[in-house]
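Chain IDs A, B, C and D follow the sequence of writing; residue 1 opens each chain.
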């Protein structure tokens, strides 16, 4: 299962955990699993999140692959100038 | 997609050919937003609120509509209801609903047969306001008595008990900051403030919109992203995206400010009401400054723990940012990760809140959030270096993030080039030039993520072997040239044989705007993929002609060639020969690539600036300026330098003189370039550049993206230089002469 | 808006006197057009003075002074060697107004009639002792420049009156003038503070002086106390200190988007001091 | 509002147009004569994007009324290249990458041409102060100044 790191203000929606483990082979599957397991996270996910998977920042791609041992960091949706 | 092996020895990449749009731009032929007209076209003008915060009681357009030649007036009542989230934000900003939320907020729009008539008509539209209390300062907006701008606007992230104007909250970090600060030899905590600044593109927003009674429309517009224009206009007007065809004009600067809509739906709504006649809407400079852009203003607490040798043991920030009267517009989500991104620090805590104020809806501005964050963190780093008597570059080298470092925002960095920029800055002659009296030197580093994003590119081989590339990212800084270089390099043909066109929304799949330093990276990457696809097809055509297996054909020097001795002996078949025959060998040859481009390489830079401060007037003169930045690979070095120099110039303006000045009445005081003081030619020295090239493994030619990082270091670098020159540390931008002189006087009296 | 092109000042005055609505004169247009564009002013009548013979002329009077036409743009003023030799401070004040492009159009008279306390050319004119000719329906009169502005955006000119020429007095021997202003950038800003100093020497000593300050009061100030502070001196440090103190003391500025009260009070003294040195050196023939 | 018939010369060509007296020369060039190479960046004489010459004098066309052009000679960016041959400044701007978005470029070229006509060998400082009324937000001015310097050198050499 991928390890998903939540930023502090998201942790109260996941029973205070900093890292949660969920199943998913893509970023989209990880999002869906998070929203299922921790419904409090659903609004944040719906509002749009970016992620970093094993160091690579993925601004907005549900199809980006996630391996079973991946480290995933949730980030605020990034925008640029 | 597999990561490509980085190779050197390119034929075209790294050269400096003339840009394809150069001739049109030096002869006045290039067509920008306001340069387009259509038969039967009307002109529009917008009525804007003179109040920072007011209930709109009544709008009466009777007198305006009574003028001969006035064809239509639109107000919020003409727009659909029921929108939510950012769509509602966009609609609310396009035309105020129940309340005007800032000075300059659009209230109504009118279309007439001439620009002057439209302006006359706008003056005749009567709006009755009930002025209510306002707040424009980020800190004041959080105070208990501050007027509430929008009840219940806070999103899920805001903990209970905060002022209703606090609408977003964010917090993250790693390690044990308490232990980190305990392990430090010195711990310093300071508060920094930056004022809002405007992107300051010289071309005001302009568009021509046409929409029929059937809801089908067209738009010509200056924008960084026409698919965003399409999506946002469709949302605001309640029409289907596919029914709106948007063509981008040449763009007269954007810097993030043209990634969104401000008045474009008005042209369409007016057109529809005026029986489908096209409507031109061009903003004045005052409208641009009052109602578009700007970036956020910020109030920031920073705490850093440092050992005597310069090792940073812990860092902590609390940022308060306002992005106007609209939720989600301040760049707290970018500012926080950027704050300590340059460093490998064992313990970090980041926290930020977004606060609503009665100011315009902020838009992205070059590395949104990063310059403010850098001003706070890099300034305090500099203060601590000076306190400990340490060289600022050495301290940065000691703490610098590198490949394998855990970034401040979580993920581990792959190959990055911060150390290389620091070393190059230290080795540069500018760093050793002796300084005179009242002169000082400042150093700072900066970071930007860079971005890939949704990208669609198509490429077609011509009958003569020349190539057209259709891209969807408007060219602001020379990206057509860099994409042509990469395409030509991949195909093995001359640069001049590739023409890159920015095409309309009907011609490609969805493209994100030119933002996040992504055009050369993402459209370039997609163009290379499209070229490879076309190469594959051209090899197949050659193979068929030669009656050998396609795998036995390779592409080299712009021609299909038999691969190896077993493929048979055939003379190379050039792209021109293949193109000439393609009608008979299977039809048109093209390549296309659609992706949400990954493989982004983070960008770092280090700046060194020398200034002289007049101790009697507080005026700062920039004596020399050095930008060192990692480009990954510089595809067209002249335009890479241009990005570095332009970013530095904008940062210098932000640091020294640019600011939004609001009166006690909540009105913007400086609505013209006379008083919104962007740097003029005589304000600046030549801006020296060093292009560091640590290729990005995620791009076929190693591109990182160079557009944004350059605006980040100038703010703290200038503050450090002024501190060294005048002996006073300014923790509030801009460092305008009155502020600097007041600080010098206070220091003398102390 | 009606656009008029009278060919004499009398005709212009008659047009103006007969006008029932809002009226503006057009010479260089660098203020009027900006105000029209911003919607601040919507004139009913616009009287273009550039068709009146002589408005582009710079001529030397019999007494050695100068008569400057109302449409002479800054660039032409700056290119006039003899005038620059006599009154470099007046010319440099005008040449600081706006960009190269604005210099192609902007005029001394327009800068004066705009009524801005920050007008860059006015302190130099006041320090020089310049006068203007006012033409009205009932004839002409000569008025000192410092009497023209009565407050921000306001002048002493009555309905039907307009300025028909500016007169600079004869420079005379051993004189020099200078104008300095403070702006945050190097160009393109409105003066935050301005100071003009005009001196006539007797040997090394200052025999006569006039000091005028800009942007530190509702109108440009002619400060006698500041002049007195240096008259009789060789512009030694003590005299310069007295000049700076008197200038700062005379300043009654406001805080606005361009500067604070404290800043203006301090810097007006600094500029008066610096301008006096330049004027003194020019009077000595040590620099232009 | 009654319009005024204006006869003038633009880039050597005789032209006529009807102007509302409130319209600026910039408005008239762009909207009546379709000469859209001259740009509006501010409308207040602060940015120089609308630079043209009027009887040989460099001005902001946003600070000139269309009716004032009667009987005068106006030169715009469209008249800078002669018979298909780029002016050295135009060529140097392309070669130096002295433009990015290009919006300020016509005004800067017109202003720089006017400078070199009066001062064939300007110093860096003279170039910067002459062009101080031409705002560029993209380049930081570095490559613009260098392009003007090289064009000046080329023109001196050619003369």
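In this text, contacts are C-beta pairs under 8 Å (C-beta built on N, C-alpha and C of every residue); 3 or more make two chains touch, one makes a residue touch a chain.
As the structure is a computational prediction, the values presented were derived from the model and not from experiment.
Across the two interfaces under comparison, A-B and C-D, the one joined by more C-beta contacts turns out to be A-B. Chain A and chain C have Cα centroids separated by 67 Å. Centroids of chain A and chain B (each the mean of its C-alpha atoms) stand 25 Å apart. Put simply, the C-alpha centre of chain A and that of chain D have 54 angstrom between them. Computed centre separation for the pair chain C/chain D is 29 angstrom, with centres defined by C-alpha atoms. Touching two or more other chains at once are residues 199, 254-255, 284, 672-674, 679-680, 682 of chain B. Within chain C, the positions touching two or more other chains are listed as 37-38, 186-188. In chain A, no position touches at least two other chains. Applying the touch definition to all chain combinations yields A-B, B-C, B-D, C-D.
Within the complex, the chain C residues that touch chain D are 1-3, 26, 28-30, 33-34, 36-38, 46, 48, 50, 73, 75, 98-102, 104-105, 186-188. Chain contact summary for the complex, chain C toward chain B: residues 37-39, 182, 184-190, 192, 256-260, 262-263, 266-267, 270. Listed in rising order, the residues of chain B touching chain D in the complex are 16, 18-19, 21-32, 34-35, 114-116, 199-204, 250-255, 282, 284-285, 476-478, 636, 638-639, 641-642, 645-646, 648-650, 672-674, 678-682, 684, 686-687. Contacts from chain B toward chain A in the complex involve residues 85, 155-157, 159, 169-173, 199, 254-257, 259, 331-334, 336-337, 351, 364-368, 409-414, 448-454, 515-518, 596, 598-600, 602, 698, 707-708. On the chain B side of its complex with chain C, the touching residues are 119, 123, 284, 286, 616-619, 656-657, 661, 669-670, 672-675, 677, 679-680, 682-683, 736-738, 741-742, 745.
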